[in-house]
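In what follows, structures are represented as structure tokens.
Look at the two complexes coming up: subunit A is in both, with subunit B in one and subunit C in the other.
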Partner chain A sequence: MERASAASHGRKILWIVGIFLLATSVAAAQDPSFYTKWTNYTSANGFPPGEVYCVTVDGNRVWAGTGHGLVLLENGRIQKVFTTKDGLAGRAVMSVAVDRLTGDVWIGTFGGLSRYSGGQFKNYTNLTSGLANDLVYGVAVQGQYLWVATTAGVNRLDTHTGSWSIFNESNAPFEEPWTYGISVGAEKIYFAVWGGGVLSYDLANHYWKPYTDPDGEMELVLYRNQGLIHNIVSSVSWNPDTKTFWASTYFGLSSYDGRNWHNYLTKDSGLPSNFINAVKSRGNQVWACTQKGLSEFNPTTNTWITYRPDAKTGRGEILITRPDGSKRQIASSTTLAHNYILNLDFQGDDIWVATANGLSHGARQPYKQQASGAQSTARSLGR
Partner chain B sequence: MKGRNVVVLKIRNGAAVLIVALACLQTLPARAQSAPAPTPAKQAPTAIPYANMPPAAVPFGRYRKPYQDWFVDSSTLEYYGAARERPDGDLAALKTINIGFLGPLDANNYDSPYGIAMLHGSQMAVDDANAHGGYHGKPFALKVHDDLPLWGASSMAIVNMVYDDHDWAMLGSVDSASTHIELRATLKLELPIMDTATNDPTVTQTRIPWLMHNFPDDRQQGYALADYVFNQRHLKRVGILQVNNRYGRAGKDVFFETARRIGHQPLVEVWYAPDATDFSAQLETLKASGIDGLVIWGDAAQAGLVLKQMRAMAMQQPVFASSRACYPEVLKIAGPAAEGLVMVSAIDPTRMDPEWQQFRQRFLARFHTEPDAYAAYAYDGMNLLIASIQKAGLNRGTIMDALRQYEMKRYTGVSGTAFFDYTLNNIAPVTFAKIQNGQFVYWPEQRTDWHGKPVSFLR
Partner chain C sequence: MKVRSASPAIGGSRPRNLIAGIALVAVIAILGRPSVASAAPQAAGADSGNYIPRSQYLSPVAMTLSADGRWLYIACEDSDLVLAVDTRSQKVERRVHVGRMPRGIALSPGGKFLYVSNEDSNDVTEVDAETFRVRRTLAVGWGPVGLTTDRAGKVLYVANTLGDDISLVDLKSGRELKRLEAGHYPEYVALSRDGSRVYVANLLARVAPVDQPPVSELTVIDTSRQIVAARVDVPGVIQMRHIAELPAIAGGYLLVPFMRPKNLNPLVQIQQGWYLTHGLAAIRPAAVASDGPKKYQVAEVLLDDIDRYYADGFGVAATPDGRWALVTASGANVVSVVDSAKLRHLLQNTPPARQQELANRLDSASQFVVQRFPVGQNPTDVLVSPDSRFAYIANRMDDTVSVVDLGRMRIASTIDLGGPKEISRERRGERLFFNASHCYQGQMACATCHPHEGLSDGLAWSLETPQLGRDVVENRTLFGIDGTSPFKWNGKNPNLETQDGPRTAMYIFRSQGFSPKQVNDLVTYIHSLQLPRNPHLAPNGHLTDAQARGRAIFFRDRTTDGRLIPPLDRCYTCHSPLTRYTSRVSMDVGTATHYDTIHAFDVPQLTGVSTRQPYLHNGEALELEDIWTIFNPEDKHGITSDLNKAQLNDLIEFLKTL
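After this line comes the complex of A and B, so read on.
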């Protein structure tokens, strides 16, 4: 009798949980929120013209690397454009990292590494320091260390002692020394290596581990979830929430959670392009910066949302790809400055996006709330 | 109309499919002198396997169809960036139309003979264009940068070309590491690159649309040599001797993998230092292995020494070599020991067509030396760049577009007829050379269907 009662009670709980999950998912489906409020910074409003290579958020400040120097925005206003005349090591700025403890700003340029501290620049080049090469693609702060991704390997600068270490094919498992990006985790640091896959460095035990394309061929992907999809890796992002690293390549997107690999191509996902310049992940969000738009992927719901300007109208196009492959397109009155996306960073729930033609600031709004302001011409698209 | 049957081989899922396509070979008029921008020749058959890969050499080809094949359709080099939207250059404000050059020029650089030839070929093309009025009356100017032997030292060259020299495009380099560095930098800086000398096939395997490559790469040389050695000469126990630098390592890999896939895994591979002169240790290893043929991936001078020392050790096996061995120096050093050596050649310098002969005579008169493959491909590559600038105007994005119009099309220049695939890589058949009675004898590659029957392809 008691057993039957317990079973009945269990069924009731299951029903309640099921109904709750259904209700929340329906609510989420009916009231999604999208990045529909975009503010763009281009040459039309005083921003340097051309590509924005990188963007880094530092509280209410935003640093943007361009082909014409480093731009500082504060509370959404352009405060200053730093150039080589101000002391910056190079004109083309590829990466920026802020040391939260000291406030120092580290800048990777095509011309060396710069540190901006106390209103002054100090530069490090191949000739004046232990920097491996003057083409600096990535910088990242890890405690007292600065990690630098260069075209001739990885540097580690001990900012307390000023000593440099270099890691390349001579002392670490680099198939190629050309390093593009860095992502710092609590236990490991991950490196995107062009032609060499992903490398991780274990901080406690000081060892390197390579993750490379298991088929070993540039011209094919043998199996869908074979391992890393390709060795030409453009960036890597460690997500501490899901304990997963994501790697972007010019041949699709990969993730690895320590047990399983998952790969994504345009033909099997909502990715708008296999040519991906950068990836960033946090929580249930994975952002892919592709040459045909900015994609937000939720691995839990297997849903993709791609943002880009509509080539015909110039207005915003938001393309939603559901797990079954069906697509829905909605429009927004504002959109990204360009479809070619190079980088992004988060500011709370807002995002800052580096594009080929300016910097974009996106704010998320519930779709239902702004339906009158934005386009309400949502339509379902076939697969 | 010139016409002929072109047999195209395609393999996937373990089954070889022969597709016979009738192709009209309408080649471009030769551009020995700079002339109005050419229109790329009519599109060739599209059912060409990537890199003209022999069926037997397709990775995993016997086992399964890959989940994804790259480089086999027109989406390979898609570009959706903003370069075309940039303002065009102001012709009135320019004194010259600058084109960058990066090559090994310092005499201490191991690769400088190739770099200097490449510079001379480039200079001739620029001077020819200027003799025909330059670009709307403004002369083209070559902005020369030395590709220094110290690894990575030349990495800033492309930055200087874009920001200081204000180049519209660049040509270079020989060293594949340097070329890779320029290639990755140009993805950010967006400067069209014409690569006329690198052998490394991975340079065109990146999906970066800013680079075009016309020199026969290691894949083309490796496939041709493997077919010749194993299918036409029927050797079975081959050894490999390679120079220990990026050129030797990358080139050897293609030949080795192709040989392995067709069931003739090389018995032994040994290497030598780029400055080696004594090869006795390597040759003892090769001799002890019982090889029936030797493939050398290295330069002419050392190939000559290897042959001399090999014959002195009573090793009479046939020897084959990559294109950098195909220089008179190999014969000069080896003497009679070079007899029978078969090499891949990037060009056939005995061609009698007026384009080549005129170029050869003008080059000889100006530089007092015979033009080699590096000079010829640089001349053609610079002509392609100049023609693209003439056609597209002073906008790097549209110049890149003009270069991309050569995808799956032919171009005939002084080096011969190139065919550019979807990666903008030249995959035309190579030339072979043999030392016979103390002379270099050349013939066009005759590839087999890997079952002994000859096939014609892309010729």
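After this line comes the complex of A and C, so read on.
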């Protein structure tokens, strides 16, 4: 009996080892792929000039918020630039959220909140609705509720009853009311608060929980991986696949999986800058929108890939940072419209990126193909 | 604030305010007792020989036909019944009780189930069309009226009038999938012939500045994606109700009855005619869609004749071949028959530059209306049999159905649905309320400006003859006004008898008006109009946290920093809960403009305030927030400047419960 059991156990181990080897060999056989095919929308081809503050994908439509209105692209073509003349609440568009259930598009502007539905705008302002403030940085849809991040706290609009709620320092643990971003999870909603860290709101039990920098220092990180890296949080992203929220700050990147914090700085990661405007995470991908390029981070392999135009030549460069800290740089014939990155969203495997000077659409291509082409070169930078 | 004071000074010293406050409280205490006006319903009951509960009347208001045309199913709003009429025998064969106030009815694609919207119980009753038994009740939004299934019979679309939205219900699970925002007061819906769209007609115009012509919305839902595909502007009109779609061979137009008011002109113009006109919107997708959302072409034609009007269009139906379209004029007790080929010819041969003129021409109906049938009292819905032989018209106020023989173009018969033959005083008043024959050339009934049985139309009107163009005032609701006298914004009418008597004949209807007996009947009916159930208040009356905080603000006597608020500057002083949240006196709250000849206005009751947009005497405040954020800069309308935004939101949450 014991021998039979031991044989069975051995076969199991052999199977496991075999499957592991097969999987790793298949993985090794796959070519790495990078975003090397970039299409840019700038003032040169009819896009509003200057900053693009946000981008949101809605099927084959893409909404981009700029300092000069809201741009609708459909199948990669600019369909319309909506301005206040079309009924938009404000000229500068900071956030866009699409209600997947109703199809309505909610737009946060510096002149209030707009809803675009059936070709018509409807506006909500501080004077004419329960909106806490007209400087709207973030919007997010959670079932029948719309959550709104403003400079004066967080609003919740019940779209069925028209009831507005305000959450600020008077009824929630806001150290600062100035809220930048919102990320909706199944059980909690996360808020990025400028100077106030991250706040979560438990949907079932209706309670708030703050996540703040334990050392409270502006420039120092005294307690690494002990909590949020900094209280000036620019955005937050809940990843339902890994049950982790990511927070971008102006002084580094943080993640929290409910048990452990991980912090990332330029000095010991592939981050090109600690000044991060936004973060978005799905699956094994974490995207950091920094002031010196767009970084893709894979926490499983601990590999960073940064995309940006070279500051001097404007040519594309792809910088790979391996777990051991070694770096490799690949040249790319096309690249992002600007290296100051403000936001991004996914369209299948493609990405749309909001930059300080236009919108960029990136498509991933196998490295092998593009490396064999004349347009790209690679060089190892060592460590 | 001031009580009918000629002095420009507002507020004053604390002792003076206190004295004034005590005096006002005394006035309110006296006025708060049941008045002669508020005793009117009892007066109706005292007429014991003529008192018949409203629920005994049937009031057929919506109909649908079985696919073979054999069965006519009728929703009867006052009796909470659905009737099945055998169209061969023309007898009521079956009946079933549904929810409270059924207002809409639809049949599943296979004809197995009936869906009945119950406006007052906020649900839909599913009835087995064969056994005529209730199968289940589906929860929907607030005030459901019009409804239809999609072509597959999987999703039910329900227009919620009070919620300004549309519930989409999964008919397999019975659960509401989502709500889509509609326009303002969505009432009736129609599934497009190809099943790709659900059209929703909104009764009232979008809430907008009252010095602009109204713009109503036809909401278009894409049934494949179940989202709002378009919000079509229908300019210059309100009160869009039923929808009929002509087949492509007849132009593919959507026909929607409307009322076209000239409310920006003084009401005195009613004696010149052409003040309140009634017609059809003809809407269809543009032949060439430009970029962006699909565009719709909107044309408007009048059904009125130059010297006679067909007030309050309600139902519309087309024959399957699209040759005829029938439109009920619920205020004229008439059905107009439209030759759709002639209508199409007119629309297609009118240059775009003259389309707007067409919407105002009183001489065009003669080009496409081929017949007018007098029918019963207050005709609402109309249907055409699948074989195009007959049309059925529901006569809401006399519990009958008129049957039109479309081959011979004559009334073939009238089906008596039952109900009391004796007409109560209240019912007589209701008939008067909906009848436009009392107005010069039949331009309007009471219900024209108070649609949905007593609602405000949301428009501002220049009513006063001596002050042409001045003293423009917002229309007011008739729901729950019992005990809120005096009436009118200037508070000059001590009771409804005065409001609806000779003054109405002289200034509004420009005709002989009502006899004293008719005035009594009408007043009895108006006093019977109750507020709809308040969806913002929990059934057990418990307030939410926000509502409770708002209540404390409403009844506060100190500012947020502890200062005593003078009695006249407290919410509850002028909006006393003893008298439906009005003090029944006139107050100057600093809202008069240079177009007003008076400065003190009758304090409106706050009950049902959430359904009464816009606000203030002239309708300048489009939202409740505007009252304080825009129109109360000096705290003349109560002290509110100390409230922060969250507190103001709480106050509004409480007001919505009233």
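Heads up, the rule we're going with is that the second predicted complex is superposed on the first by the 350 of 383 C-alpha atoms of A that agree within 3 Å, B and C clash if a C-alpha of one lies under 4 Å from a C-alpha of the other, contacts with A are read in each partner's own complex, and residues count from 1 in each chain.
Keep in mind that, in the parts below, a contact is a pair of C-beta atoms (placed from the backbone, for glycine too) under 8 Å apart; a residue touches a chain by one contact, two chains touch by 3 or more.
All values derive from a computational prediction rather than experimental measurement.
After alignment on the shared subunit A, the placement of subunit B and subunit C results in a side-by-side fit free of clashes.
After overlaying the two complexes on the shared chain, residue contacts for A:Gln144 are found with subunit C alone; subunit B is out of touch.
Of the two partner chains placed by the overlay, only subunit C lies in contact with A:Gly118; subunit B stays clear of it. Contacts of A:Leu127 after superposition: subunit C is touched, whereas subunit B is not reached. In the superposition on chain A, contact of A:Trp106 is made with neither subunit B nor subunit C. After overlaying the two complexes on the shared chain, residue contacts for A:Ser163 are found with subunit C alone; subunit B is out of touch.
When the two structures are aligned on the shared chain, A:Tyr340 is found in touch with subunit B, with no touch to subunit C. By the document's definition of touching, of the two partners only subunit B reaches A:Leu265; subunit C does not.
Judged by the touch definition given at the top, the superposed model places A:Ala152 against both subunit B and subunit C. More subunit A residues lie in contact with B than with the other chain of the pair subunit B and subunit C.
Taken over all C-alpha pairs, subunit B and subunit C come no nearer than 8 Å in the superposed arrangement. Subunit A residues 126, 132, 152 lie at the interface with subunit B in one structure and with subunit C in the other.
Interface residues of subunit A, counted against subunit B in their complex, comprise 49-51, 53, 67, 90-92, 94, 110-111, 126, 132-135, 151-152, 176, 178, 180, 194-195, 215-224, 226, 232, 250-252, 265, 267, 273, 275, 291-292, 338-340, 356-357.
Touching subunit C in their complex are the following residues of subunit A: 72, 79-80, 101-104, 117-120, 126-130, 132, 144, 152, 159-161, 163-166, 168, 170-171.
On the side of subunit B, the complex with subunit A involves touching residues 50-51, 59-60, 64, 66-71, 78-82, 85-86, 151-152, 155-156, 159, 163, 180-181, 184-185, 188-190, 202, 205-208. Interface residues of subunit C, counted against subunit A in their complex, comprise 141, 163, 165, 177-181, 219-220, 225, 227-231, 291-293, 535-536, 546, 622-623, 625-626, 629-630, 645-646, 648-649, 652-653, 656.
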